[in-house]
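Mind looking over this structure? Questions follow.
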Amino acid sequence: MEPIRLGMVGGGQGAFIGQTHRFAARLDGQFRLVAGALSSDPERARASGADLGLDPARSYDDFRTMAQREVRRKDGVEAVAIVTPNHMHAAPAIEFLKRGIHVICDKPLTATLDEAKKLQKAAEASQALFILTHNYTGYPLIRQARAMIAAGELGPLRLVQVEYAQDWLSEPVEAKGSKQAEWRTDPARAGLGGALGDIGTHAWNLAAFVVGEEPETLAADLHSFVPGRMLDDNAHVMLRYGSGAKGTLWASQVAPGNENGLRLRIYGEKAGIEWSQEDPNRLWFTRLGQPKQMLTRNGAGAWPEAQRVSRVPGGHPEGYLEAFANIYAEAARAIRARQAGQPAPDGVLYPTLTDGLSGMRFVAACVQSGKRNGAWVRI
Amino acid sequence: MEPIRLGMVGGGQGAFIGQTHRFAARLDGQFRLVAGALSSDPERARASGADLGLDPARSYDDFRTMAQREVRRKDGVEAVAIVTPNHMHAAPAIEFLKRGIHVICDKPLTATLDEAKKLQKAAEASQALFILTHNYTGYPLIRQARAMIAAGELGPLRLVQVEYAQDWLSEPVEAKGSKQAEWRTDPARAGLGGALGDIGTHAWNLAAFVVGEEPETLAADLHSFVPGRMLDDNAHVMLRYGSGAKGTLWASQVAPGNENGLRLRIYGEKAGIEWSQEDPNRLWFTRLGQPKQMLTRNGAGAWPEAQRVSRVPGGHPEGYLEAFANIYAEAARAIRARQAGQPAPDGVLYPTLTDGLSGMRFVAACVQSGKRNGAWVRI
Amino acid sequence: MEPIRLGMVGGGQGAFIGQTHRFAARLDGQFRLVAGALSSDPERARASGADLGLDPARSYDDFRTMAQREVRRKDGVEAVAIVTPNHMHAAPAIEFLKRGIHVICDKPLTATLDEAKKLQKAAEASQALFILTHNYTGYPLIRQARAMIAAGELGPLRLVQVEYAQDWLSEPVEAKGSKQAEWRTDPARAGLGGALGDIGTHAWNLAAFVVGEEPETLAADLHSFVPGRMLDDNAHVMLRYGSGAKGTLWASQVAPGNENGLRLRIYGEKAGIEWSQEDPNRLWFTRLGQPKQMLTRNGAGAWPEAQRVSRVPGGHPEGYLEAFANIYAEAARAIRARQAGQPAPDGVLYPTLTDGLSGMRFVAACVQSGKRNGAWVRI
Amino acid sequence: MEPIRLGMVGGGQGAFIGQTHRFAARLDGQFRLVAGALSSDPERARASGADLGLDPARSYDDFRTMAQREVRRKDGVEAVAIVTPNHMHAAPAIEFLKRGIHVICDKPLTATLDEAKKLQKAAEASQALFILTHNYTGYPLIRQARAMIAAGELGPLRLVQVEYAQDWLSEPVEAKGSKQAEWRTDPARAGLGGALGDIGTHAWNLAAFVVGEEPETLAADLHSFVPGRMLDDNAHVMLRYGSGAKGTLWASQVAPGNENGLRLRIYGEKAGIEWSQEDPNRLWFTRLGQPKQMLTRNGAGAWPEAQRVSRVPGGHPEGYLEAFANIYAEAARAIRARQAGQPAPDGVLYPTLTDGLSGMRFVAACVQSGKRNGAWVRI
């Protein structure tokens, strides 16, 4: 099967997330990068395109030109990856969606709720798909955790403890030349949330994906520990679910010793599960009163839902890029089905605009609760 | 040196905590159990005394008789361990304190704040010491963590994440004959808090011990998941410190897969530490930007504060009983000093009435916040 | 830069290792699969080619035809991956080498020493490169371990403890339809070694790569635990190095609970390191008398040698495919340099025929020692 | 029940192992130390006795006087703990055994086989018991592992991988004033084995205890890495069992990063178990093809054999001293039964002279094999 022709907006030289999307797109051979508007700086855009071996004619100075020209080509892009800072998601996404080009967009959805709603409209009006790369839902054992809960293995849920702790913003690195830190701590580009938007939305999405339900209300305590920082770098959030479950979500970028500590623990009446992104090939499962079990990806105790998105046998660790690539692989399946006028095959799962909007509402609710001194707020 | 003569109130046949106190008292040879009122049921009290090899004349039917008689003996008890359910702490403690007998009392302090205040008065009026067995502060690496923070190794603190998760109350075992569960879930005997009182106070105390500061305010979400249970079996609590630090405390007895999961993570501007009670011989320490270090009890990286309360070399694991015994060993040092009319030696540390009162206020504040839908409450 | 045109011999439908090579070749976009002789069964070869989207004209029935035709094409393959069972490595490799096409060959080198020598001659006579996919040397922290030892961080080495334990051959699965097991336990196809050849050679190679020295002599105790199995499924080997270091190598495929347990521990006068393939993003490093440090891939404590072959930041786990892809990436660098008539860039490292021959000698020495009841044998 | 009156030979000021025995003897209240010949230096013996609160009349200058006098006292010692260096085990043990006093002796049995045989004779001629403190067999989950294997949970055994790695002799500390190191590296006091005798015998004993069978033959490679050291500081040993199982034993005191790394892995046809002394409250158990299970001491998956020697619930870690105390507790049960003219109660297990002799033969066989360049030697 021919690879899907992919364009990219953002992700030029030095951009971590653009490169990640390219790895993910390439791993399964389902996409080929053929065009890009890789930077808002035209010179850099061109240099980046050359680095990636793009046809210079298809390495554009801006995404609008790219959209206009690509749509006219017979071999124009079928899908586009948007890997710009948050405030630059909506505009290009809308541009491509309205031309029927599928969009694979980095998270969080947008910087403002206003943009998010415009994007929603564009997506609803388009035949094209909108895929949001909440990549952590691509981990095989996260798929399994979701399936186990859906199958009732844990019984009715009681507790959802999710956390995402990092340490790279413990110092004011945004003032010392870190480009990554700069836009993430700038309200104009990041939106309402700092750690909340950058990693809190991942934690929120991951929990919702696995639990199969979102909290109804939350109470948040937000803080910026680093002097001068305008957005939160730590968020403590308590959660209440309509089903009666309770939870907490902790997002922090100022916790020394945490590289990328996304961890999920869910407890039901009958059993509990525990998973950590830094050790993603193991899912700990304990039935009440029985020994804890170590379920391994594609190994003993693996469910079909995990095996379906595994590439190598148990004991051969898969990681972040494989999980990210699973989102791309699901996107490819969905896009091909859509192109064939068919529904996506059974089991295909990827985050969508709905997830993106949910993340936006989560951030907004946290900010609102924070301003009201931690009052419980409907999401 | 002759062992200190010890009496015990409660802790008869089948009682877990009484046996634990006896192990702890024995390990270092600093105490000898010579008298007891081991059960409120006289027959059982006597049988328990016989089991323990007590002189039948000193195996009493009730603690009042014991106090009256022992104080008249030349070889009467010098200290008494109180290991009854919470609502039965104050009365015997007062009885012994007013006779100048040192009291080593299980936690939490009492079932009600009223009792706690009476006890406080009695303690203030007495020459005798009051030691509360918040045993987890006896772990050598907890001592080290406290010393490291006091020495500024972490820099100004930002985050205190403490949790204590168990699973043994996931089902209504109190209705199925578990004596341990029965009184702990009964407001009349346990007090205001369920999980809060039983384990939340440990978490609270541990954090305060290590941090060297207590939160000023908290916001709590309490819940009883097991139908019919009258006290909380899960508590989510957000914390704010006067210094500006923030934190969360989670106490749960309904989290399947957690046996005795007391865990502490503290992050400062410069470094972070992580410790888990189930793996107590390791303290994880990370200076910002440097590799995580595994500090081992009495091994590489051990501080004098940890070595002082270690018994065997690193690599030879110590556990729960050794930590508990450290409280007894500290008590012995303090008692001997008091008997000699001297201050306790440098470095001697044990939880006191102040800690007990703090725990009571913590529970009360949580309950109050819970009732006010998670409003922030002063402690 | 245009991807290198890659052919593949073997690796048709259902073959694990062929698929792995394709993932690895694709991840960095340095190779494009354009031709194949994917199975010795022509029908299956063609079907497999179609699955992979190969031009039917370049999906060959056999590797000889492929070599002859591809070499005549202007856009013929520049490199070929050989992913057949061991006894089918030499013939195709020679065929391509003698036509100047670079060979990327799965391990172990060949089934017999005789074939290995023929292959050696062909390689020496060819301008093309020969790359052996001892993929575990592609792990970033293995690169770092090698660099640390070379830099003297451990001091003179004393002990090398390497092991590779699996459990998938605990039962006679070769008699129950496992194709993977069938050829690996068949002397005609696997060669002299069973577990020794399949995984022992990996352990041998990994240790040599990191240590920078091979043992001079060894003493081996080989066994086939599964009745009827003709090749070893467990090997215990003691090692002696010329430098004075000692070691053991354990390879087993009958150890229940081990999925892919390749582990390496090396101790010198000054320090020790420990690494496990199933947790590859952490390297444990202990200077004598100091706390153990957790060095993380591309995180704190990472050396340039590890960062050079890392794709994502620390805390974002990389795994088996990334390590495998590193061998392909190194191959790409070496091939491009060779095509440009230049030496490989500084730092480029990949296993070669020399490593392959070493592995063959290792297996032969073990078998010889085994036959001589564990006598020490020169390698 | 009255404690058993205990004497001690050796174990004066500064001696680690003497103090350990005292902790172990005290924990359960089954022994009371009443007499001692605590040092071969009379002054130190007396000072040590005073430290321990011994009646000065029972703090002897030498073990012979102690034996003579104690046996004449009505309240004389019923049992004696011998905690001297290896070469000083036999003489005092014989002295007490011939007077009918039970002996609890540190390992290894003696420094020479000659002494061991004399001791054997004395023990056979005596009514008193001889208990050897191979303390690691006291760990509850080691008891469980033994029971599981005996019950056939693993199926017929295939592999026994045992190791005991430390690092404290990585440098010539014996030349720098370490008393502990001095005698352990001195052939006159330690006997034939260095690491072999000190820790190898523990590993040997532990494996035999759990497996229920000793190897028939072994092949050893011994080495002293530290210049000038006369006894081995590292031993690699391959093992063959009569049943057909194979194994390796590694003992090292020069492996930086290992504090007290006694680890045991046993694999059978049906399942495997893994245990590490530094994490003793967990036993990893994997049935072939099923998820690995974490069995916890006195928690989920605990067998009666483990619960019988556990003191606190699962999740409350027990450690080295508790395991050591279990040997003393078993000794107490056996001694009381013997005093009552009855057989030891069901389930009582402790290492005896037989284990000690086995350890001596193990060391001798290793040394012999080492001298014969690793030839297989019958034990």
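All chains are identified by letter, namely A, B, C and D, in their written order; residue positions are counted from 1 within each chain.
Please note the rule applied: contacts are C-beta pairs under 8 Å (C-beta built on N, C-alpha and C of every residue); 3 or more make two chains touch, one makes a residue touch a chain.
In this text the structure is predicted, and so the values were computed from the model without any measurement.
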item: Longest centre-to-centre distance from chain C, chain (CA-based); value: B
item: Result of counting contacting C-beta pairs for A-B and A-D, higher pair; value: A-B
item: Chain centre separation in whole Å, for chain D relative to chain B (CA means); value: 34
item: Between chain A and chain D, centroid-to-centroid distance (C-alpha), Å; value: 55
item: Chain centre separation (chain A, chain B; CA means) in Å; value: 43
item: Two or more partner chains touched - positions in chain C; value: 258, 285-286, 292, 296, 299
item: Partner chain B, residues of chain C touching it in the complex; value: 285-286, 289-296, 299-301
item: Residues of chain B defined as touching chain A within the complex; value: 158-159, 161, 167, 170-171, 219, 221, 223, 225, 234, 236, 238, 240, 246-248, 250, 252, 254-258, 265, 267-274, 284-288, 292, 373-376
item: Chain A residues touching chain C - in the complex, by the definition given at the top; value: 1-2, 16, 19-20, 22-23, 26-29, 53, 166, 258-261, 277-281, 296, 299-300, 311-322
